[in-house]
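Multiple structures follow.
In what follows, chain A forms one complex with chain B and a second complex with chain C.
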Partner chain A sequence: MRRLRLERLANPQLLALVGVLAINWLLFPSFFNVTWQDGRFFGSFIDVLNRGAPVAILAIGMTGVIATKGVDLSVGAIMAVCGAVAATMVVAGYPAPIAVIAALAVGLACGLWNGFLVAVLDIQPIVATLVLMVAGRGIAQLITEGSIVTFNDPSLIFVGTGSFLGFPMAAVIAVVLMVLVTLLVRRTAIGLFIQAIGVNRAAASLAGIHSRMLLMLVYALSGLCAAIAGVVVAADIRGADANNAGLWLELDAILAVVIGGTSLLGGRFSIPMAVLGALIIQAMNTGILVSGFPPEFNLVVKAGMIILILLLQSPYAALPFKRRPAASNKSASS
Partner chain B sequence: MTIITKLAIAASLATALTSVSIAQDNLKGLVVGFSQIGSESGWRAAETSVTKAQAEERGIDLKFADAQQKQENQIKAIRGFIAQGVDAIMVAPVVATGWEDVLTEAKEAEIPVILLDRGVDAPEDLYLTSVASDQVKEGRVAGQWLVDTVGDADCKVVELQGTVGSTPAINRKQGFEEAIAGHDNITIARSQTGDFTRSKGKEVMEGFIKAENGGKDICAVYAHNDDMAVGAIQAIKDAGLKPGTDIKVVSIDAVPDIFAAMVNGEANATVELTPNMAGPAFDALSAYLADGTEPAKFIITESKLYTPADNPQGEYDTRKGLGY
Partner chain C sequence: MKRSLRPLAATAVIFIIAYALAVLQFPNMLSTRVLGNFLTDNAFLGIAAVGMTFVIISGGIDLSVGAVIGFTGVLIAVLTTWLGIHPLVAFAIALGVAALFGAAMGFTIHYLQVPSFIVTLAGMFLARGGASIITQDSVPIKHEFYATLGDLMIRLPGGGRLSFIGMLMIVVFLGGALLAHRTKFGSYVYALGGNSVSASLMGVPVARTTVQIYMLSSTLAALAGIVFSLYTSAGYPLAAVGVELDAISAVVIGGTLLTGGYGFVLGTFVGVMLLGLVQTYIIFDGTLSSWWTKIVIGVLLFLFIVLQRVIFAASAPGEKSPEKV
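This part shows the complex of A and B:
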């Protein structure tokens, strides 16, 4: 019964994605043309999957954080740090797997630091994660010494530009991660606990939920996701760009989660919907690129579309079309 | 070549060199304060290291202050230099406005101020001179290279702009358009912003390639900086085309990685934004201190064109050490 209702709530996001893709198709008729080239699919729609992957990966981690009524502003900076770690290590001669593991470990440590500030020291999440958001980029610049560290290690590059069964590696990683994390939170009680903390942390603690442990877990997961995204982005351009890697992507990730229907006030959340939100954002970006609009319009078009999508999700927007409106949906879709 | 001609050349070279060092001997032992913006880009890091090297070569004691992108830090640093009684101050201003007070203080203390790389909105008598590149000219040099290269053949260009509304993006676009004006065979088919970054350059180029018949219709890509060009080169390769051959690549800045691409035949031309702003600044200062020669108010650095014929491997090696 409950599952069915969740499926129904998915509609606004799917509609938005279909709508954006349809607009892209109208503006650029060969948008969905996919050809086979050099052992992989090639086309604008594949670009959406490939380019949307980093934000999707961030959104997977961000969903858990937002569901606990928190927010993680540091993910963009953590991406820069982890990309820098992976790049400088392969340049220094370490094998790619070691470099990637080190980068992921650094991301995990950054996430645990955020979790420590939020869960143990009880600092407000927006302030706690602001620390790393500001400092992280400086750390990344220290690691790369202010320059773009370029590398040529084929196995590290494969993470960003390789393909699996013809699909871009970045998108494959995002999908695998989405499935794993969704199973983790939905096949165990963790998802329910996260929701409980988001709705009312004090009550959840009284009910016996180990809220500190769980908060540490969601921030650590967010840091790990940021590390994966950071490695993917660095591998994609074959270099770690401390100044620009992941810049402002934390905002895109939050937007993806919100478009996905998760409330910033905590509680109900959906990871696949957040990934869908990331795809919607990227479909708009790619659409603008192939449509040939002058760049001055980029942000205006994007802002207009996002307002429209969020309006579609408002419980009041659905009012005229439903018999039994607001009351039942209000808590769910905001 | 006979021994005598060799000796003669060596002698004339030596005279030329000594004449430079005599002219600049008056800088030896001077204390010069340098307020740098920060280290937001590789070019900025290179400018810092070149400035330090130029100062050392001339025996100048350079006091370096990193402002970390904040004007208040720069103003503080300049006040500090004035209090220390330095002989001259160099500033790479982070923004154009708000400099009048502190520059007036420097003027009252009779310390000449030289602006590097960017200008300010302040009366011209408050600073000795301003050394900067001409960004419109950079675009023009890039455009002229394309005009000369394609001749009469039809050429569809895609443009990767810098950050929307930023001065270099506006000027480099304008310069390029000026150069190709009157050559109807060259048209800018698409133009989008790549935010001066490698990853956005790659993403935008992927979009362009899809939009222009799999890239087969594109004859050249013009990027407002080398980083975007490096990203575009990867996108071209991913599309199964040959950068440098199927799609020509011309960009601006001359950072090491574009020379690495040139070595592989993947980039065709770059216009240098020289990190050596301090050299001309010290020359102007030397002349001013020697006999009071007022330098030109705006010293424009050279916008040199580099192609694969200009020893890209050597350029890569020398530049790599500058901290790009």
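This part shows the complex of A and C:
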């Protein structure tokens, strides 16, 4: 049953992306026009890759967390903190690599904190990560002292706005990260362990899986991804904005993961599909912008999209008239 | 019963100690004026938090609260200022719209078996987006009725004022407490949060109760939106962004367990007051920046979550252990 659904869900994401891109193309015929200029590609489609990168990076980490039946609400706030760390260190005169490493270390530490709350103190993931979500932005403002810290360090700016083989650096980072993490979970047993924890943590522990360590790892990875996204976003705007960097991006990342077919009830997950989900969201955003609709429509379209996915994933789509399996599902979700 | 009241007592004691410490430093904080402003400034948050308490006791979460507040403000402003409808009629329309909205969310959560988190996330996008589509600017509300309501207050000895919206919040809290502890609906909510399967086996109408819970939350959010529009005399689509987080924080600090099945409406009141105290203290101090509010609330949240864990581990071994997710 599960394998069947996985195969059925493997394709809708690609179809959806193609569909959204096709609608964009209809509304804005030059959508796919890509020009080569100053040693890099330009065009609306390249813009989708570039703008979608931060959410895609977040979604990579979020997929692991959601696969263990958790959720990480703090990634947006961690982005703000890490962007603030990188920016203030560069402004204080440290070389860019050290600033980036420090930012990543802070992100990792934030992730480990979340992991500690969830794995060791056994706190519900929503609540555990809520702590950092609320406090994180305050910490970021503490670091930047309430102002927007701007910087001119060329190597740090390159991370956000540079290009590699003509492709925007942010997109390249997202793809490399996606490949690395996918290899890590699929070429080793880690992915299987994560799924086992998501399906039934107690059973997984009894089967000899170090569920505490793995949960710490998963949240640490999410924190690290948030740090990378935070540095990319800060480098993109050449400044760290503690109030707005990564604001509500945690919701976009969760949405991307869900669009990618990962179940919020834990278990089955796919990192490339989550990245595809992030691209679908961004393709819609860009499409709405280039076709001249006010950006406010974004939220409504996103809401419509969530409802559509819920309908597709609901037990009723598969079992139209049976009620008993639905009732047992509910107990797993509460 | 005594034992189960411990988290509530802990919150109340911490509030009293915190308030006493604040008063020691700034004697002026102990005045009816400050207390009256506590109620007025946090009225919309408190009303929204009552609805959130019910949702959380039932084991769910409602992320759409802030967006519904924003949407209600815009709707009322548009109805009264642009269309010239009397505010009372506009209030009724807004409450009705919100009730339908909440019912739709509850319906989706129950019948599609989806986590409330994701459904109310969609609701949040929908309400916020809908408000932004109606207008992107702040629409002022100028109506005699608003001025009348604004002047309606009880003067307390010592220069304090208990405003209409402050009184409304107290009424909502008392009503919420009665609803939670003295009605059938209230016990259904607790039963659902404890274990929805057992609840349905015992004959709790799960579908109806779920729909009613989210209806209640959205309706109270709309009432909070009305209060917010009375407070600011305007409707703005980006108003009250993030209020759902404050409401959740207040509920948790008030001793309600996020796993559901356990909590107090009056605890939420103490939670809201504690958040208000943090803000007031930072304003009184003057040297602390506003971002300390967020950090302190985060630290408080953490402390209370750990406190709950400790109390539950100590007092009720084997009872509803916070779930291993």
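As a convention for this text, the second predicted complex is superposed on the first by the 290 of 334 C-alpha atoms of A that agree within 3 Å, B and C clash if a C-alpha of one lies under 4 Å from a C-alpha of the other, contacts with A are read in each partner's own complex, and residues count from 1 in each chain.
Just so it is clear, contacts are C-beta pairs under 8 Å (C-beta built on N, C-alpha and C of every residue); 3 or more make two chains touch, one makes a residue touch a chain.
Since we're looking at a predicted model, the values are computed, not measured.
Shared-chain residue A:300: touches chain C; no touch with chain B.
In the superposed pair of complexes, A:124 makes contact with chain C only, with no contact to chain B.
In the superposition on chain A, A:43 contacts chain B only, with no contact to chain C. Once the two complexes are overlaid on the shared chain, A:27 sits clear of chain B and of chain C alike. By the document's definition of touching, of the two partners only chain B reaches A:150; chain C does not. Judged by the touch definition given at the top, the superposed model places A:245 against chain B, while chain C stays out of reach. Using the contact criterion defined above for the overlaid structures, shared-chain residue A:172 touches neither chain B nor chain C, since it reaches no partner. By the document's definition of touching, neither partner reaches A:312: not chain B, not chain C.
In the superposition on chain A, A:141 contacts both chain B and chain C. Between chain B and chain C, more residues of chain A are touched by C. Across the superposed pair, chain B and chain C both touch chain A at residues 141, 146, 294, 296, 298. Contacts from chain B toward chain A in the complex involve residues 39-42, 44-45, 161, 164-165, 190-193, 195, 197-199, 202-204, 206-208, 210-211, 214, 227, 230-231, 234, 238-240, 257, 260, 323-324.
Interface residues of chain C, counted against chain A in their complex, comprise 59, 61, 108, 111-115, 117-119, 121-126, 128-130, 132-133, 136, 195-197, 200, 245, 248-249, 252, 258-260, 289, 291-295, 297-299, 301-302, 305-306, 309, 322-325.
Of all residues in chain A, those touching chain C in their complex are 68-71, 117-118, 121-128, 130-139, 141-142, 146, 201-202, 242, 251, 254-255, 258, 264-265, 294, 296-303, 306-307, 310-311, 313-316, 326-331, 333-334.
Those residues of chain A that touch chain B in the shared complex are 28, 30, 35, 37-38, 42-44, 47, 51, 141, 145-148, 150, 161, 233, 236-239, 241, 243-245, 247, 285-286, 288-290, 292, 294-296, 298.
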